[in-house]
Structures are given as structure tokens and as C-alpha cells.
Amino acid sequence: MQLGLVGLGKMGFNMRERLRRAGHDVVGYDRAAEVRDVASLEELVDQLEAPRLVWVMVPAGDPTRETVERLGELLDEGDLVIEGGNSRFSDDQRNAEILAERGVRYVDCGVSGGVWGLEEGYGLMAGGAAEDVERAMPVFDALRPEGPREEGFAHAGGVGAGHYAKMVHNGIEYGLMQAYAEGFELLAAAPQVENVPEVLRAWTRGTVVRSWLLDLMVQALERDPQLENLRGYVEDSGEGRWTIEEAINNSVPAPVMSAALFARFASRQDDSPAMRAVAALRQQFGGHAVHHAGPTSGAGDVHGH
Amino acid sequence: MQLGLVGLGKMGFNMRERLRRAGHDVVGYDRAAEVRDVASLEELVDQLEAPRLVWVMVPAGDPTRETVERLGELLDEGDLVIEGGNSRFSDDQRNAEILAERGVRYVDCGVSGGVWGLEEGYGLMAGGAAEDVERAMPVFDALRPEGPREEGFAHAGGVGAGHYAKMVHNGIEYGLMQAYAEGFELLAAAPQVENVPEVLRAWTRGTVVRSWLLDLMVQALERDPQLENLRGYVEDSGEGRWTIEEAINNSVPAPVMSAALFARFASRQDDSPAMRAVAALRQQFGGHAVHHAGPTSGAGDVHGH
Amino acid sequence: MQLGLVGLGKMGFNMRERLRRAGHDVVGYDRAAEVRDVASLEELVDQLEAPRLVWVMVPAGDPTRETVERLGELLDEGDLVIEGGNSRFSDDQRNAEILAERGVRYVDCGVSGGVWGLEEGYGLMAGGAAEDVERAMPVFDALRPEGPREEGFAHAGGVGAGHYAKMVHNGIEYGLMQAYAEGFELLAAAPQVENVPEVLRAWTRGTVVRSWLLDLMVQALERDPQLENLRGYVEDSGEGRWTIEEAINNSVPAPVMSAALFARFASRQDDSPAMRAVAALRQQFGGHAVHHAGPTSGAGDVHGH
Amino acid sequence: MQLGLVGLGKMGFNMRERLRRAGHDVVGYDRAAEVRDVASLEELVDQLEAPRLVWVMVPAGDPTRETVERLGELLDEGDLVIEGGNSRFSDDQRNAEILAERGVRYVDCGVSGGVWGLEEGYGLMAGGAAEDVERAMPVFDALRPEGPREEGFAHAGGVGAGHYAKMVHNGIEYGLMQAYAEGFELLAAAPQVENVPEVLRAWTRGTVVRSWLLDLMVQALERDPQLENLRGYVEDSGEGRWTIEEAINNSVPAPVMSAALFARFASRQDDSPAMRAVAALRQQFGGHAVHHAGPTSGAGDVHGH
């Protein structure tokens, strides 16, 4: 099947390769000249036979919106755009409307799998009309892992449902990672446990906590048993925030997913204004020693507040 | 290899079967006459050739302590007791000391795998002296999953380290389960997602969140797509509590594991005293409507507090 | 000073009374005929001498927006609208712009104090241009508590800053209430403490936790020492949600404020879908007994997962 | 009334002064020669007329236990010891038993108020037999704030109840402080709010969040409007930990109090092992850039995991 692929970064580059291995004819465009097959979106559209299928895989936000708008100008009635980036689900309705003005169809697709997707396949969650999803099925089948289709692909609902499902997937991912992380820290802190990496490795078969993330953790610990070459500084890329916002919108308690998000926020603070406030209060009522900014001073403690 | 197995409940019964399949000679004792091989601990000890190996798999707390004490009276110097139940790690030192008075050796072993262990094998974490662990290795090898030993078995450290590792395993397990659970609730609450079970099934291959727990979740949703035959009432069996206590003892932040534990506590409350207090406060300062105990009344809301 | 007051609900009604006691000439309008001074917004505007001051105190959202729009049509250049309801700060800019088209000035003002404000005064946080805030100062002075102005009134910043400050105030309020509530539940659960209401009363002077909310708690416990006439069902009115969303927007960890919000969400669930998912998982891996929907069945527990 | 006071640190020193101002005859002992009235516990006991009353105000743990044991040797039947330090409630039973062997009575008393107690009085929560509490009432009356006795003093229950109530008080205190602290950080982060200290000051009268802690916060901000002379490093002194442990023992959800405690733990970590684990996982599955230990490198982010 012929398709265009816009965006050949870490994800798109590998996806083109996986699609080609499956026999698809992929025309790739990227701003970076060294990776692209064609030099412009116009050229990409020209090379595709109508009705066209164009997969968009560029950063969420402005780049995706601008790409969709430009495709709306270039594509024809009956063409289909699949937006596979990390867009917020709430952007999909607008994207679909922009394209609908030209009779261009729209499907959103959440893609999970990271750098491993090239070999292992990508987990896919699609949103849109059934006929549009069906039309792109050869592409989905090539990208998803081998095995039963339903174990690596879902048609989650109408436009936006794919990104919604991916958003929740990432919210869960945050919680899972934090759970393992807290467990790692506790094992590392406990004098009782002499060999933390071995314990985590022993969990990879048979236990309740076995998972792909655990396998990755074991691999990381193989190379750096105490993770001492890393700093505990963790970015977040949007989906975790959106998940909490949606939890709030739907009155769903999300204590674990929010705790995981806030732990990332805190990890990026050199010093916490909130904890400065707590220190200030303790100093006020209890005469508790504080740590002053600048050269670290010792701190004691008194009782009785 | 010959061994005694004390406790033939859900776990012990299956473990005897798995050990026998591997060719071991297991003498099982339980209070329940219909499952046991011998009628008493005395008989069990009599049937084993010295130096003996006795695996204890009875409920944590008093039953385990009493069994260890009784074994201390029955066993001889050079015999080995493996305590595989869900004991708190802090009990192991005392167990070891009781047995050491008679020259009996002691290893603690955390066992994970639940009802699936019979077929898939059990994840094992042992604590004790290297020579004692080595001596029991044929038993560990039979119980653990097939594959490399280190992926299903670890010698975590000295006496108590096995249960410590298992405790942390369960703390992580609490966090993982709660993360999936929050995600499930959010998907179920979101009008955007039309087919929740299909979405979860699509995560089982390729995605970052794939895991054994997710597989189990998919199986549960197959039989009951909205889990409407269950109540949101969740017990806890000790390890989650101990994990938080250890986190506190070691000054390790554990926001996710504690949130998961507290969600279980709350799930078992018909009505929350804390939330009655919040309702009372809101009524006091804002004249906010409250729900009275007894027949449920409607509740409104006003602004301006 | 003469002013119009739109909205005579629980808050507005008392505010009119407090303003009148301070000698201000208040023309009140409400949809409810029995409390209003004039029968329409038109009549209210007619009765005020230009340049007019109109305080809006109607429910947030559509009612406030519609009132501001209608005032935009009725008022003249140089008039001033103060929006004192529980609006989201992000609505203020739009309100200001609607009015600015007619040369009407706009100030937003967060108002705290609830039903106690009539006698004790209201805490006020205003946002807008300095000259507009200054112009309304006699009104602010009448509404705020006696004592130094700066202890009950702040000019927090430009348009929207007043509601922003009030939003954060309410986020803190959620956290404070939950902290007392958790403490209450723990005291009530502990066999060691024989007289919970007396303990809370003893905290009202001298202790670190003394506060107005504690005083209210003590009053509530006087009438109902175990709060047994209430249900633990707690609404939320928006500000708590917005606070968490703003925390997320600004990458500010907010574990306490979010925990308090989620506790309210959970308090309103008859049964938790998330906890049904956890129960389902435990049943799957451990054969743990579950509680079925419908007539409550007993639940046991087994070990070894 | 005559009494002995053992421990003249920050708390005890001020308490002696407050007791003397109330006309009591206090004999103070401390290891520090410059503050004490007598040079030894023996001398203190000698100077008191039987039946004696001795208030112990030394650090919790070993110092308190050793003092109680020594007093058990020195005192006579009918004497009364009041333990007013920050002991864990679970120590009180043992203290009482040690003294009971000599017929010495025991009351535990939680004391709140910090450095302000000298002028404002201390909030007091006592545990013990009614006749022992009654006997010490003149001392309690002198220490507690002026006003009705029940607003600054409670007889919470039997031995241990006073420290239990104080423990919960401190758990609440942690939650309250963290709530204000999160609000402070959010106000400070929000571009909308131009004057954070003024906003907090405006909350001190009339609002729902007014409290003594807020007053202290305002005082701290007066001297250092952005708290820039402090580091966000916060100790904890035990009660917060014990509160969570008791919440767990009694199956009481404590999400706010635990979040506050964990925020303190995190504030004392230069780098979080848990967040290193999360960073490692993100690097593994997504090729996400990480921050390496040592000289800080920049970090980017990619999408698609």
C-alpha cells in the first residue's frame, strides 16, 4: 500500500522502516534533508496516487496543526490523514474539521512502543469513522506487533478516541514507573537487601509484578547497578498532565497518577518554594533550625511544638 | 530430593504438586485431613531422612510462629527450615534464633505467583546463609519458572532479606494495580472511548504498559466487560502496610504505594468519618447543604466561602 | 456611597446588609422578587447616578457571563463593574474586554467568609487597575473585617488576579479541611482516645493547629459529637479543580491539595470502578475472594501472591 | 504549688518561667549547669516535699526513658511524674509500669505551642488516671492559655492518650503546613499574582483559611518576601511518622498527612533514587535524554512512547 509519512524523527524514522519491511511504499518527508525522500509536502502529495493516505508524525501542538492545515490545502476529497503524534485528544476535532472542509478524512492514532517499536511493533489506538479506520488497516497491521490484531490495535471510538486512549495509557505508564521507582529506592535504602539488581531480575518471571517496564529496569541496572550515572531529573511530555485534567473533568480520583506527575515536577526543582515555606513556619513556631540558602549549614531540631 | 511441606492451602497445595512434577519427594502436612500425607508434624519429621528440609507455608503471624517453634522442638542439628509464607521480615530473625538454639538452619523465602504458580512457576526471593540457600537450590529450581535461574530466583541477602524483597514486591504490586485501576476508571468515565475492554486488550503487545497484570485485567474484562458483578471492596494482607512503614523508617518518599494502600482502606468504608468532618465544616462556614445519614437527601451547593 | 448589587443569594443578601450597616446606599437586584429592591437590571442601572458602581454576585459560569454582557449594554463609559462571584480567573479577561468596548471598567474580587461574613466581614482579594480598585475602596472597606485594611483586603494584581488568589485560597482550604478530617478520623478510630470532641476543643488555644476552621469543627462536634447525623458525601464547587489545573500548568507539585480534591470525588461514589478493577485483579492472580455486587457476601483472604 | 522540672531546653526553660509567673515553686534540673536550679536529680527530689510532682521535659527516646527509670529509683510511693516531652504514645505504658513498681503515679501530657508558649500558653493533652490529672491541674492551668480551661486543656484518656492526641495534632499540623506551602508556591509561580505576601496577609481576617499558622507565615514573609534566604529542607521529628503508622494500624486513609510527610523526606534528598529509576526507564523505552550525574547537561525530549 502506498502512503506518505510526514515526520521522520525518532518515531517516524523507525516507522517508515517497519512499514517498508512489510512491503508498503512509503514516501517520507521531514524538514531534515538527510532523512527525507521528498523535499516538500507538495512533492509528497504529488507522488501519492489518489485517494491518498498521509500519516503525520510530527511534534504535538503547532507543528502538527500547521502540518494538518497545509495538508488541508494540498489534499483532495477522499484523501485520508492519520495523525499519529502525541496530540492532545481535544485537538483532533479541530483537525478533522479543517480537513472536512476539503472533503479530506481524518483518523487519530495513539502510538506506543518507543524505540523498540521497529522490531517489536507499536501498540496502536485509533479514533475515527469505521470506514476510514478500515481503509488504513494494512498500515496499522504493518505497524502493530505480530500476533492477534486485537492485542496490538484497537478502534477506540470516534475522532479523538485514539489520542484519548493513548493519553490514559501514558497516565498509567507514569503510575507504573513511579511504583517500580519507589520500590527500587526502598530496596536500595534497606540494609537488609544486599543485591538490589538481582532481586529485580528475579521478578522478571513468575511474579505478579513482571512486565516490560520491569525488563527495561533490569537492563538499565545491568549497565549501572545503582543508577549512579543518572540524575533524578525527569521531564514530562504532556499526556500525564492531560490525564489528571481529564480525571478532574470526569470527577475520577487519580491519586496514583497525580502523585507520579507531581514527583516529576519536584524532581526538576533545585529547591522547593513550598518546602521553604514549611521551613519558615517551623522556624516561626518552634525555633527550629533552618538551612539557609547558600553554603549549607547544619540543622538541628528541638521538640515541643 | 526429599522435603517436608507444612501448609497445603491455596499456595502450598499447588507447590507440592509442582515439586512432585519435578521429581521431588514431598511429605505434606496440613490441619485439613483430606489433603495431607501425614497426620502430624511429628510424623512428618519422622518420615524425613536427616539432614531434613522442611518448607513452612502457613498463614503469617501466630500460625507461622507456632509452627517454627514446634519444628524447633522436633528437628535436629543440621536440619533446615524454609519459611515461605507471607511473614513480615522482622519475624525472621526471631524464627532463626529459635531454631538456632537447636542447631537448625533457617532460610526465609518470599514467594510470588498466586494460583498461576503451579503451571508458570513462582518468583522466589530467599534470605539466609549462602550454604543454606545453596542446599535448597533443587527445591527453588523446581518451584521457580523455567528459564534462567536468575530471572525467577534471587538470594537477596541474609535472614529476612527474602521477605523484605517480597514485601517491596507487593508494595510495587499495589501501585501497579492502582495505576491500571485509575486508568480503567478514567476510560470508563470518558464519553470519548467507546470500547474500554478493546482498548486494554490492544495494550497487551507493543505498548509501554504491557505486563502480566494487564493480561489478567484483559481476562477479567472478557468475562465482565464493566466489572459490574464485583464490588469495589478490596482487602489488604499486610505487605502493603509494612512497605509504607519501612518507607517511613528509611525516609523514602512513597506517595504512589501509600495512595494505593489508602485507596484500599477507603474502599472498605461504608461511610468516611473524615468526609463527614469535611461535610460538617462546609456546612458550618458556608451553609452548604449536606447529606444526612439515613435516607439520602439531595444536596445543593452555594458559592462564596 | 451608592452601588448596585446584582445577586442576593446567601452571599449577596448578607453583603447588602453589611454594606447598608456601613452607611452605603445599595440597590439590590435578584431574580427572586421577594428579596430585591428593583425589578430589573435596567431599573437598577437607572437608579444609580453615574459614574455607577455595580457589584455582581451571581453564580459562576453562564449566569455571571450573561449578567456582565447585559451590564455592558446598559452601563455607560466610566461606570465600574466588580465581579465578586466564584468565577474562574480565566473568565475575567473576557469580562473586562466585553465591558471595555463600552468604556466600562472592570475589577474582579474574590470573597471569602461564607455565612459568617455578615458579622465578621469578608476577606477580599481584588484584581484590576489601581484607579478602579481605589475607587471602590469604600465598598471594600465596608465588606472587609474591621482592623487594618491589609489584613482583610489585598489588591492582588491586574484583572483576574483577585479570582486567582481566591482560587488558591480555596485550594488551601481543601487541604486544611482534609488535614483536620484525617486527624478527626484517626482520633475517632483510636481506642486510646476517649473523648475526641474534648481533644479538638483543647486545641483551640495555644496549639500550632488553632484556626477558624478548627473552631468551626469544635462547634459542629458540640452538636453532634460523632458527626453521626451526616453522611461523608462532599461536593466541590470548582476552585479546587482549577487550583490543581493551575498547579499542573505551572509545574507546581500539589500532592496535598489534589489528595483533598480526590477524597471528595471518592466520597461521592457509591462504588469505585477503580477498586472493582483492583478486586478483579486480585481475584485473577490470587484467587482472592471478592465482594459481589448485590447482597454483600463475606470475603476472606489467602496468602502468597 | 511545688514541682520539679527536668529538662530546661527551649521548651522546659520557658515553661519554668511561665509556671513561676503563675506563682508556682519550680525546681529545675538540666544537664546544662548554667540554667539549672539544682545540680542533680537527687537534689531535685530532695528539695521537693512529698507527695512530689516532677515534670519531665527531655528529648524523646533514650533520654526520657533513662530519666523515668532514674526517677523510679529516687521517688516514693504517691509521687507523680508527668512526661511532657514528644514521646511516642507507645512508650507511656512502659514508663507507667516502671514507676508503678514503686507506687509512683504517671501522667503523659502532649504540649503544643513552641516558643510562643511562654506568652500565649501551651495547648495541653493529658493521659492518665482522673485523680492524677486532677492533682496536677494547678500546673496545667498555669501552662495552658488563659480563657476557658477546656479550650487549652483536655484529659484525653488513660495513660498514653495525651501523647496520642499530640501525635495526631502534629500529623494535622504537617498537613496544614503543606497546604499553605503548596498555595504559597502556586501564588509565587503564577504570573497573575503580583504581590504574594500581601495576598497572604489579606487572608488573616475574615477568610476561611485564617489561622495561627497563616499569621506566622505572614510574619515570615514580612522579613523575607520570597523566602529566598531559606532552603527548602525540612526535618521531621517523629510524630508525623507515628501518625501515618497509626493510620495504617487503624486502616484510616491518610493521603494528606502522608503526602506532607513524604514531601519532607523528598526535601532532604539531594537527588532522588526513585526519580533516577524513572529517568532510566524513560531512556530505555523512549530514548529520552537524561541528565547525567556530575556537570549538568541539557535534556531534550522526544515523543511517541
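For reference, chains read A, B, C and D in written order, and residue numbers begin at 1 within each chain.
By definition in this document, contacts are C-beta pairs under 8 Å (C-beta built on N, C-alpha and C of every residue); 3 or more make two chains touch, one makes a residue touch a chain.
All of these numbers come straight from a predicted model, not from anything done at the bench.
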With chain B gone and every other chain left where it is, what groups do the chains form?
one piece
Interface numbering overlap (same over half, different under half) for chain C and chain D:
same
If I average the CA coordinates per chain, which chain comes out farthest from chain C?
B
Find the geometric centre of each of chain A and chain D from their Cα atoms only, then give the gap between the two centres in Å, rounded to an integer.
43
Cα centroid separation between chain A and chain B, in whole Å?
31
Where does chain C touch two or more other chains at once, residue-wise?
112-114, 117, 170, 173, 178, 180, 182, 185, 189, 208, 212-213, 251-255, 259, 262-263, 266, 269, 272, 274, 285, 305
The chain D residues in contact with chain C across the complex are 89, 112-114, 117, 120-125, 127, 144-145, 147, 150-158, 160-161, 164-165, 168-176, 178-180, 182-183, 185-187, 189-190, 192-195, 198-199, 201-214, 243, 246-247, 250-257, 259-260, 262-263
Residue numbers of chain D touching chain B in their complex, please.
208, 241, 244-245, 248, 251-255, 258-259, 261-263, 265-266, 268-269, 272, 274, 285, 305
In the complex formed with chain B, which residues of chain C make contact?
9-11, 57, 59-60, 85-86, 111-117, 170, 173, 177-178, 180-182, 184-185, 188-189, 212-213, 216-217, 219-221, 224, 227-235, 237, 255, 259, 263-264, 266-267, 269, 271-293, 296, 299, 301-305
